[in-house]
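Shared chain: subunit A. Partners: subunit B in the first complex, subunit C in the second.
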Partner chain A sequence: MDAFATDFHRGPAAEETSAPTQAPARGKTRRSAAAAGRTRVKVAMLGFVAIYGAIAGKLVYLGLKGPEHSNTLGAAIVQSSPRPDLLDRNGEVLATDIKTSSLFAEPRRILDVDEAIEALSSVLPDMREPSVRHKLKSGAGFVWLKREITPEQRFRIHRLGIPGIGFLDENKRFYPGGGMASHVVGHVNVDNQGIAGIEKYIDDEMNLNELHKLGIVADRGLKARKLSLDLRVQHVVRDEIAAAKERFHAVAAVGIVLDVHTGEVIAMSSLPDYDPNNPAEALEKDRMNRATAGVFEMGSVFKTFNSAMALDSGRVSLNDSFDARGGLAFGGQRISDFHGKNRILSVPEIFIYSSNIGSARMALKVGPQGQYDFFTKIGFHSKIKTELPEVALPLWPKRLSEVSSATQSFGHGISVSPMHTAAATIPLMNGGKMIPPTFFVRSRAEADALAVQVVKPETSEKMKYLFKLNGQIGSGTRADVAGYRVGGKTGTAEKIENGRYASNKRFNSYLAAFPIDDPQYVVLAVLDEPKAEKEIGAATAGLNAAPTVAAIVKRIAPMLNVPPRFDLAPATLASN
Partner chain B sequence: MMRTVNIILIGGMMAGAGVVYFLKYEAEHATTRVAQLSRQIQQEREAIATLRAEWSLLNQPKRLQEMADRYHTYLELEPLDPNQVATLDDIPFRQVMPDGGTAGGKGPERLFAGVKPIEHTGTIRKSTDRVGKTDKPEPKGVDPKPNDLLNTIIR
Partner chain C sequence: MVARTDRSSFAEWWWTIDRSLLAAFVALMVTGLVMSFAASPPVAERIGADQFHFVKRHAAFFLPALLVLFVGSFFTPRLVRRMALVTLIGGIALLAATLFFGQEIKGARRWLTIAGITVQPSEFVKPAFVIVVAWLFAERQRRPEIPGILFAVLLLIAMIGLLVAQPDFGQTMLTVIAWGSIFFVAGVPIFWVMVLGAAGVGGIYAAYTMLPHVTARINKFLAKFNGMEGAKANSTAFQADKALDSFASGGWLGRGPGEGTVKWILPDSHTDFIAAVMGEEFGILACLILASVIAYVVLRGLRHALATDDPFIRFSVTGLVTLFGVQSAINLAVNLHLVPSKGMTLPFISYGGSSLIAVALGMSWLLALTRRRAQTTRIARSIHDEQPLEALA
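So, the complex of A and B:
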């Protein structure tokens, strides 16, 4: 090219030297022609300078741009959005991303479809299906053949060297615990987008899907999120409610452990659950999250809230007595006792003997409006404010009346989720502070900032006494664990079937706190339709839900650093 | 004169071209290396993520519980009982022999020697509390050795 350029230059130069000699002889026309020629040459030179300049500029540009180019290629390989790891409170992995390869084909570039299918099926037998042949013959630019193949299959297909077949690395969500915490953690779809549980929450919160649509893929730049769950406690709760569900032939079971001071959910399990590694299971009937997304008539555990309400109103004291004889009639409806004592009972006696009549009379003393306000305060008239998307709105009678107030006092006519029940127990055990439950780690200071005083500290003290009393001499004796001081309230509710309460279908629960002299944790165990064991004969909560709580507490107390004590005085029923 | 200047300039130009070529080559090399290293880092990170996933898979409480059950006859691992949890307050001092623990032979022989150990009350926690308060950490009748040991452990 240089040679050409110099050659070209020589031309006009030679012409110029000869021009002056010829100019006078040939006259004006000749001169103007020469000038025109020079202009033309100049234009040509400018043109060449521009072209070569552009080429040089482009070269410099490409030289500078080099590394950036390879980066964009790398990013294009990642197909599904990366997600932050989910860890438990001790840093154990609950959910993580692992890279998997997916097989794709570019049908336009495949030379021989039959040969390609023959070769592929030597590694992946399902490639013989007619749909694959159809895809490959379609002439499309890009088709997926199989998502998520193993590294070994990838290696073998790579070795086959089929043109037009390639792999893309994708992020795949993996849950090492399987169904361990499925209802908390949730799951993702095939594009790694969270569609349930905390997975969905972090997507909504961080707008991961939006980012991915914009093409911003911050691989590995995502900080792991720490959940409040304790993997070991979660396992124990799930293990024990599974054992109880089997032993008592229950159709479902729920277990919840909450930190009384921070509202953190230490464990939450609802059986039957599903394996988030196989999200299709989640769609099966019965596998719903009963702990937060199901509402139930909780039954006698509501006497806890009824007692707290009555004591907190100031109209009822622990020394008051109520007539629990016979029954309580409202028009055609009649309230009677399951474990009828047929005498005048003091407030602690109403609690430990679980008297419906006594509870109803306590509620009537406060009045329907007072009860409504109290239930609103402890969250029974709203969805739980927590991170989990699957939360249910409780069901309660829309019209205030004495009869509905009386039935609500022992947990009938109002349906709340088990999580509502456990969360409402927090203020009764920690000095009166209502703290919304959370699935992420939260410090005491953060919890105190959120806390709302809903009952007086004295009421909380009285409730601890009632829990302790019931755990030691009442219906909850089977929930006590030597050294760990478990106190609580049983609930045996009859389920509604065809609009009537069915006496053979029960919804049993035990709502507990431990250690009851200074409560740290609330434990709730629920068994749906447990059957009586042959040798015992009854299917009341004190015989199935309470021992489940005992089994849970015995195993989790050492993990949660609750020291056992054997030197505390037993609770006594104050004589009046 | 012009000739030497020209020669120097041509030499300089060639040297400059050489240096630029060399630098460019070096830079390209470094770029490749950077790309290679970042790819390697990426691969290592993925490997770590996979290994972590595997580790947590192997460490699942459920799996550990099954293992403990399966090898129960051999390992004899039992769940913790509340009675097995103790604090420093519950641990008494080792009983000390009057002559410093050497008389009366060693091991089982001592059982037959008929020498009664010095009785003293108090626990390790109480003793360590004293250690914290005074410079003279040795109460009477207490073997100095465990105290010294505790001193080194506590401080």
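So, the complex of A and C:
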């Protein structure tokens, strides 16, 4: 070994000098190298023994552990996970489990195939088919004979007492309303585990999936969950936005109704939706939940929040006026008005004429930081805190600047979900209390415990006035319903296409509250890319989103016990 | 059956060959054919071919492989060396050709289509490389004036370069390990062995840090140990988990031929995960027997290496046995989730025409080199030892 080592280190020069003595040295080297080689071969043998020993050890371990983890029957039982029913606020069923039994056979345990078939066919005549005989003679471990048999059939087969024949309980989720509230309720996968919407929420909340894996979820322990939705209102909202979507050839539509005192979502629909009984539909293009999981530049409805911000800051009062002439230039960009009045406008006029210039000037008076803080307060810089898992984070400019502050004042350069918009309106209508929206029933007291005062009560009063004014003499007149006093703000935003604003693609909305003298509900209707009707002319929100809100309120106000009143004085423009 | 006095070449072969090794190889080949019935129909179905597509192809390669195994075992060590040199030169040329003309399958260029037959040159290069490296080391010990180690190192670097370019890290690893085993038994000082070992560890670490898929595989393997259960660990270690399910579902005696269920969802059930299919259908006992046969081949081969006095035979036998033993061990260990997953076929068992023929070729050389010879006793010098270097060229 040592001799070999020297040999190994010897360079070519050394080799030449040692040439005469090479032959004996070589012999010595070979012998010692051979001895070292033998030892090393033994080491290699030991190494292989260890490696194959480990392999054999693992095989024996797997053999001793047994097949408990791969029991196919076990997997089938896991599938049958029961779930709590979902009800609307009045106890109507939104989602329920249907219990079914499925008949299986373990052919290896069947003693007499002919006898078994004879007995089975006394209950299920189609068991006489040759395919059944073939299955039972196959000698397989497990075969399904018939899925989803009736309880009576199950009882009768059970009474026959055929060895090797058994039942598995299976639960199948069923949504009686189909797509009625699909984006709220969500859906389950084949194992009856919630994978979307409130179905997913209750799984996560109750840790149902873990319990199912352990196999300890019993039907009895599951209490039905009551959602805040009112199925009747939900039906009206979906019906009306579907009608509007069709009438104005919109690509999508959203309708939301919130209770301003509790934050409960009374109705929420996003079209196109899908049938949760056929969950694969949910993956189709365009069927996403736009109400909470989509963010959009909402456009002029943001003047609601801009006005509230300005009024609440104390730097702007309802009697202030702003110059809305010409345009407002920022470097190369220019802000101009859609319905240009080209004069000095008061704050209420800016609101009802939807002046971009006036709104921008109001925002500048508060300053970018003030606007940023206000938007944070009303939730535009975070995901909505609610139960639904499908919530999107808004998009807003990461750098404060006057120009972005000016565009955000009229709802451009910031994208929020329709639900953000509706939820932020709650404090403006209820005296200033921000309440996170919920999809479960919530009492007034619970809501008050959660509420955060975000604007002064006076600001809320002023905002009601602005909504009322716009609903009676502004762009929202078509949303008004006799006796139900609907006030609100229109928004006609241009959509961004290929990085530019496209003047022919609009995102229209009407953000409303009723009855506006004492608001109970916020209603938001959104139409994505509505087209103009020939006889009316333009595709503005006042002409399509506003009448959609009117149609909704007309039908839901009586259901929600809002009494009509005809004795109230109409709103007047303060500066007139 | 053959008289001891018979002096025909067959009789001589019969009495000098290691018959137990030969029997083990034939048994493994037959097992491979049987297993292709079990493991390949799901794969054939997945690619939309006839159910017995791979079985037929496997059977078509079975007889040629058997022929290669027998014919090769008749060779003398000198013939083996020449065959290996020719195979190596041709193989390296083909390996280089794959980089330019190879079909790209799953992101790697490993296959070459010659006259309608698809071959994987790296499979043939491996055993030839081992023989040539063994010869270089042996020659170096016999005549120190020849820079055998330098040649062996250069050859190794060339091989690594060609295999990494494909890329084929499994074959690279095997080549390096086989080379290392020869280096090790050549009696090189322990210091250099440690340097090489460190280089190997360094190479694996470099692969771990620089190649995203290696990082992912090792991480997911380690995740299992850190008790990281749940969706993440499960989804990434899917194959390994399914393989374990497969063994568990088979139990000691298996579910019976054709009764396997896991194979239907196990990708590569006919190649990399054939042991798992065997586990489910024929049972853990059958797998234990299989592992024992492989281990027997390895230990028996190494015993020949121990007994011989001829350095060339010791080195080449060690190299061939290491190639076979390490490849089998990695395949089985991956199936049993003892090591991170690495696609590697099980010699003689897995589906793959090139692999079957090439393994038969390598093992035929093992048989040829381990034949009992008068000259491998301690006193006599072996005949080929006296051959001058030029005789090989």
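Just so it is clear, the second predicted complex is superposed on the first by the 431 of 576 C-alpha atoms of A that agree within 3 Å, B and C clash if a C-alpha of one lies under 4 Å from a C-alpha of the other, contacts with A are read in each partner's own complex, and residues count from 1 in each chain.
FYI, a residue touches a chain if its C-beta (ideal position, glycine included) is under 8 Å from a C-beta of that chain, and two chains touch if they have at least 3 such contacts.
Just so it is clear, the structure is predicted and the values come from calculations on it, not from any experiment.
*Asks:* Who does A:45 touch here: subunit B (first), subunit C (second), both, or neither?
*Replies:* Touch status of A:45: second partner only.
*Asks:* Where does A:555 make contact in the superposed view: on subunit B (first), on subunit C (second), on both, or on neither?
*Replies:* It touches subunit B, and subunit C stays clear.
*Asks:* Go through the superposed model and pick first if A:36 touches only subunit B, second if only subunit C, both, or neither.
*Replies:* second
*Asks:* Looking at A:499, would you say it contacts subunit B, subunit C, both, or neither? Reply first, second, both or neither.
*Replies:* In the superposition, A:499 contacts neither subunit B nor subunit C.
*Asks:* For A:331, using the defined touch cut-off, is the partner it touches subunit B, subunit C, both, or neither? Pick first, second, both or neither.
*Replies:* After superposition on chain A, A:331 lies in contact with neither partner.
*Asks:* With both complexes superposed on chain A, which partner does A:58 reach: first (subunit B), second (subunit C), both or neither?
*Replies:* It touches subunit C, and subunit B stays clear.
*Asks:* Looking only at contacts as defined up top, I'd like to know whether subunit B or subunit C touches more of subunit A.
*Replies:* C
*Asks:* Check subunit A for residues that touch subunit B in one structure and subunit C in the other, and list them.
*Replies:* Shared contact residues on subunit A (touching subunit B in one complex, subunit C in the other): 63, 66-67, 70.
*Asks:* Provide the residue numbers of subunit A that touch subunit C in the complex, in ascending order.
*Replies:* Touch list, subunit A to subunit C: 1, 4-5, 7-8, 10, 12, 15, 19, 22, 26, 29-30, 32-38, 40-45, 48-49, 51-52, 54-56, 58-60, 62-63, 65-70, 72, 140-141.
*Asks:* Could you please specify the touching residues of subunit B with respect to subunit A in the complex?
*Replies:* It is residues 24, 28, 31, 34-35, 39, 42, 45-46, 49-50, 52-53, 55-57, 59-62, 65, 79-80, 82-83, 85, 87 of subunit B that touch subunit A.
*Asks:* Write out the stretch or stretches of subunit C touching subunit A in their complex.
*Replies:* Result: residues 141-145, 147, 149, 181, 184-189, 192, 244-252, 255, 259, 261-262, 279, 284-285, 287-288, 291-292, 294-295, 298-299, 302-303, 305-306, 309, 311, 314, 318, 322, 325, 329, 332-333, 336, 338 of subunit C touch subunit A.
*Asks:* So in the complex, the part of subunit A that touches subunit B is made up of which residues?
*Replies:* Those residues of subunit A that touch subunit B are 63, 66-67, 70, 74, 92-93, 96-99, 174, 176-178, 180, 220, 231-232, 235-236, 239, 481-484, 554-555, 557-558, 563-564.
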